[in-house]
Amino acid sequence: MVQATAAPSVSAEASDTKARFLAGYRWMQLARVSEEKIASLYRGGKITGGVFLSKGQEALSAATGMALRKGDVFAPLIRDQAGRLAFGETLLDGVRTYMGSRLGPMRGRDGNVHRGRPLEGLLPMISHLGAMLPVVAGILLGRRFRGIEGTVGATSLGDGATSTGAFHEGLNLAAVEKLPLVLVVANNQYAYSTPTSRQFVCQDLADKAVGYGVAAHNVDGTDLGACLEVLYRAVEAARTGGGPQLVVASLLRLVGHGEHDDASYVDPKLRDTPLGRDCLLVAEQRILAEGWANSATLRAWQEDAQRQIEEAVTTTMREPLPDPNTEDWCALASRHLSEGSLPA
Amino acid sequence: MITYLEAIREAQAKALADDPRVYIYGQDVGNFGGAFKATKGLAKEYPGRVLDAPISEDAIIGSAIGAAIEGMRPIIEMQFADFSTVGFNQIVNQAATLHWRTNVPCPITIRLPSGGTAGGGPFHSQSMEALYAHYPGLIVMTPATVEDAYSMLLEAVAIDDPVIFCEHKYLYYHLKAEALPTEAVPTGKARIARAGRDATIVTYSAMVHESLACAEELATEGWEIEVIDLRSIKPLDTDTVLASVARTGRLLAVGEAWPWGGVTAEILARVATEGFDLLDAAPMRLNAKDTPVPYHPNLWGTHRPTAKTIAAALRQLLSA
Amino acid sequence: MVQATAAPSVSAEASDTKARFLAGYRWMQLARVSEEKIASLYRGGKITGGVFLSKGQEALSAATGMALRKGDVFAPLIRDQAGRLAFGETLLDGVRTYMGSRLGPMRGRDGNVHRGRPLEGLLPMISHLGAMLPVVAGILLGRRFRGIEGTVGATSLGDGATSTGAFHEGLNLAAVEKLPLVLVVANNQYAYSTPTSRQFVCQDLADKAVGYGVAAHNVDGTDLGACLEVLYRAVEAARTGGGPQLVVASLLRLVGHGEHDDASYVDPKLRDTPLGRDCLLVAEQRILAEGWANSATLRAWQEDAQRQIEEAVTTTMREPLPDPNTEDWCALASRHLSEGSLPA
Amino acid sequence: MITYLEAIREAQAKALADDPRVYIYGQDVGNFGGAFKATKGLAKEYPGRVLDAPISEDAIIGSAIGAAIEGMRPIIEMQFADFSTVGFNQIVNQAATLHWRTNVPCPITIRLPSGGTAGGGPFHSQSMEALYAHYPGLIVMTPATVEDAYSMLLEAVAIDDPVIFCEHKYLYYHLKAEALPTEAVPTGKARIARAGRDATIVTYSAMVHESLACAEELATEGWEIEVIDLRSIKPLDTDTVLASVARTGRLLAVGEAWPWGGVTAEILARVATEGFDLLDAAPMRLNAKDTPVPYHPNLWGTHRPTAKTIAAALRQLLSA
């Protein structure tokens, strides 16, 4: 994958707080700008099916993607545009999947957030919440069998997904095998329209960690600096034999569940709490306050992001859509075993 | 005009109004009114009887079974049929076996927003009726009209057994009727959606409409195609199917689900065993392709049968 | 159900520790004696299929059954002979089910531990571990809808079953609805042959409670007095609005997983720890030490138990077995909807 | 003499010996050697490659998919086929769709101890092959002989797709062979278990033996019954079936699973569509009754087809 260029020199200076923060900001900005473009394409009828955005969750996602390195595994969920980019997914992969380009990684067979490149460590989620967790655990188990050490697997889930049996079985299995797995739970206070009060009654989702015998970390998901610190720490702990790490971030989704949804069910009072802060603005204010960059620079970055997404869209627009006639209607890898005889 | 989706909403409203044992449970069915708005306003109209559930399909179904044992009549909404795979065990091993094991009925209705739509993709498009019909102890309904969506859902709630109610998402908005029905065809009886004498199409759910469109087209060529809407695939009204084949001598079974062991296989097996001599030509079947349901409309439109591909199959059948 | 008579006057004096302890002892004794009979029938080829015994777990089970009252709900598992009896299941129901009597509650359709009478609050387990938990929750939810108050639902699980998604989803749902549910986990250190070290890594299974926001209770499962105290407390807490209660008992299964199994995988060192004590002997010693009864009385009770199980077996032996020709091969309650046409 | 069960154990031993990518994961498969002893001694012989799993079927299958992505070849043992319902979602939605969605193969083998035994009851007796065959992306094997149990399991591990390996518990000890095979029929090819010219029985797994016993009995009356062992039900070797029906003109499909949409329905549908003119009489099918599998031997023996009931059906077919 040709990596989107938001921060050419991150890894080099990954140690440096300022550089890391700025890099994170730029991934967030690229995510925000690119998702706004996706939304406009959707409103313009250029995208069929669902569009799921991450506005308000970019800091947490970016930090997750950045804390991982090449060779690690990442199973993002529906609010991980920033983390995908930081982990190395190209803007083209995203746009192509949304628009169904035959040249995209999913070739029109699957769409929107259901994209990835398993062999490059980026897993394409299936819809069933929690289902990617044991798969990440299995990759890490496989690496142990193969003697590959020092890599980490991370996956994202929402507060609602913690109610799934898959979450429970997957985290427990990872704990029993003491796998280097980081589970990032974005508690955005709602599962679609359902408030956490109808989802669980523990004080804090991090309270679940002790029952699995895994480490827990809490973080303010609206604060990029905090997210970077906690995610780097959690990933490092997993990498160095600390076993599974449960990271629970508090934040609010600042858009609808999908672009079809106006999120009118969100309690207005919540929006006025610190949870309702826009992590991108918060990061911007910090940058200006610290004097790490001036607003002219921020604008330049913004325009650069704009340019990149426009370029990806223009490219994709020129690409062929899937063609049912040339499409290979075979679900099996072992072609010789596929039932040509099935009357479709 | 009332849509297929509104009919489902109205049926639930009536069930709640008529029977205090009824309650609705599922993700976002409460104040939000459900992902498709099939329970819109019901939480307000029937306080405490329309509850948001956690993302726990196994527990959702399991709890409905318990409530049914206690004498309630739960209506469960799966947000999409595809997610019933994680509630699968409770459906096929607990709900479906309860009466046979203990003589205690298990009157639960499980609504499965089913079938494909453009852009739905592999995990929001599945037609799972055959899976549930394979297991003993379940009733599987597949309404194809606004009237049936309404009356069959009311029937489902009244039936003393677990009912898998496969409502088709594609029909939610596309299908409209003048008014809600006042009476209904009994459960288990198929409906002759269009009479004809040259060939019989046996189908159900959204494919009824593709088949009718195809029949209309072939009518312009002078063919009279009979279209049978099964309404429920378990029980499956073999008699009506056989009677039609007796008239036409030619059978094409059409389904939106996957081919292997689907509804079309069951229909052909029944007609072959019980109506062999009625057939003037080899029966045919048409299904979705044997791959996951593709996301992009270009692929999806070819993955499932359409009036066009049904017509092609019929022409072959008629010339046989 | 005609209740087995181990303790005619329990409920009357339920408050009295001595009476309660003696009653518990007698349920344990009746369970032990009846299961030994079942085992001998199995060895004699009189029972087809599995036989699952509870030796070593009678104290916990008896306490669970006793803490519940008429109108409550109980979903026992495979090691609950004592609790079943204390809750009101007759010995005949058990023997008839094991031997497939047509007069038994399962009529030969299901067998061994898969028996119950749902309308009397005793649920017949399906095999899938964890699956009964949400059903009990549903019954309690149904009662809330119907305005029935003050009843409790209890169910048993093993240490291994805590790894199931059903356990997680069911307990969480019960917590969200704040249902009067008591979940009794018998941690007998093994799931079939699998030690807890391969099943979970939390220090104590009770640590899971906080993650669900439910109350937790630990108890020594080899000590009848402790089991009675804790179970009565937990049931009372659930009955009075305390929400779900998680009871975790430590003990050892003193027989094989089933009668086909010699349990040779059990660490001999474990057998020598307090966990390995036989709860029936421990209770017996306490009775004698307290002078609540003398050994002659204990022997008399033992003989009474013997008499009861022999009687149940003799009765069952005379009863008709299921007859495939008169059997009603219809899975549906709505006979008119069953597919007679299906070529079986 | 080697039993069907030992053959399964030997195949796994060979797979572990020949391919470092193979590991075995399942409840009690380690030192204990599995509930049926199908992995007896393997944990000791192959340290660290035969692991006990928690009671978490969803996570067990999910982890196998991940390991397969990483290049491993997991063999998963479900303690009983019946418990795969709780791992169902990972099998049909994750494993079965991976290659189609991403081009990355998913070479996992899922062993399902299947089918009925006396006293097994509703939850330790199920035959789930049709469920898995219905979903695109899976291979479903149903070995009926000691030789196939061995060679097909080795094949399953070698195949780049998820394989549902339905091994029949009733055959575990009942079936013995002189020795393990040195070569094998390719996957997807059916086997003519007994040649005949008067009628064709198409079946698989344990029912092959009931059918052979029945054929033996009818032979004493002068009938020559051909018995076809499908070996794998997906892919299903339609050609061999059609060729046989072309010879005999009469078809009886026999399966131990439930009737609705089972293997017998699929077979009849295929023969009716592709071999209609080959049939001299209406084809027939015989299945288990449409109820849960009963516990007591008296009921179980009647619930499933047996040589006796197969013979009754055949006599009817032959007189048609």
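A few points about this structure:
Labels A, B, C and D are assigned to the chains in the order they are written; within every chain, residues are numbered from 1.
One rule holds for everything that comes next: a contact is a pair of C-beta atoms (placed from the backbone, for glycine too) under 8 Å apart; a residue touches a chain by one contact, two chains touch by 3 or more.
Remember, it's a predicted structure, so these values are computed and weren't measured experimentally.
Number of steps on the shortest path from chain A to chain D, with steps defined by chain touch: 1. Distance between Cα centroids is largest for the pairing of chain B with C.
Centres computed as Cα averages put chain A at a distance of 45 Å from chain C.
Between chain A and chain B the centroid-to-centroid distance comes to 36 Å (mean Cα coordinates, whole Å). Computed centre separation for the pair chain B/chain C is 40 angstrom, with centres defined by C-alpha atoms. Residue numbers of chain D whose C-beta contacts span two or more other chains: 53-54, 56, 58, 82, 85-86, 89, 93, 96-97, 100-101, 122-123, 136-137, 234, 260, 273-274, 284-285, 289-292.
The set of chain A residues that touch two or more partner chains comprises 106, 109-110, 114, 126, 128, 163-166, 169, 172, 176, 198-200, 330-331, 338-339, 343. For chain B in complex with chain D, the touching residues are 58, 82, 85-86, 88-89, 92-93, 96-97, 100-101, 122-123, 130-131, 133-137, 234, 257-258, 260-266, 268-269, 271-274, 276-277, 279, 281-285, 289-292. Residues 27-28, 30-32, 35, 51-56, 58, 80, 82-83, 85-86, 118-124, 259-260, 284-292, 294-299, 301-303 of chain B are the ones touching chain A in the complex.
Note for the complex: chain A touches chain C at residues 163-169, 172, 175-176, 178, 198-203, 207-214. Within the complex formed with chain A, the chain D residues making contact are 23, 49, 53-54, 56-72, 86, 89-90, 93-94, 96-102, 104-107, 136-137, 139, 159-161, 187-188, 234-236, 238, 270, 273-274. The touching residues of chain A, when paired with chain B in their complex, are 47-50, 100, 106, 108-112, 114, 126-129, 160-161, 163-166, 191-194, 198-200, 265, 321-324, 327, 329-331, 338-339, 342-344.
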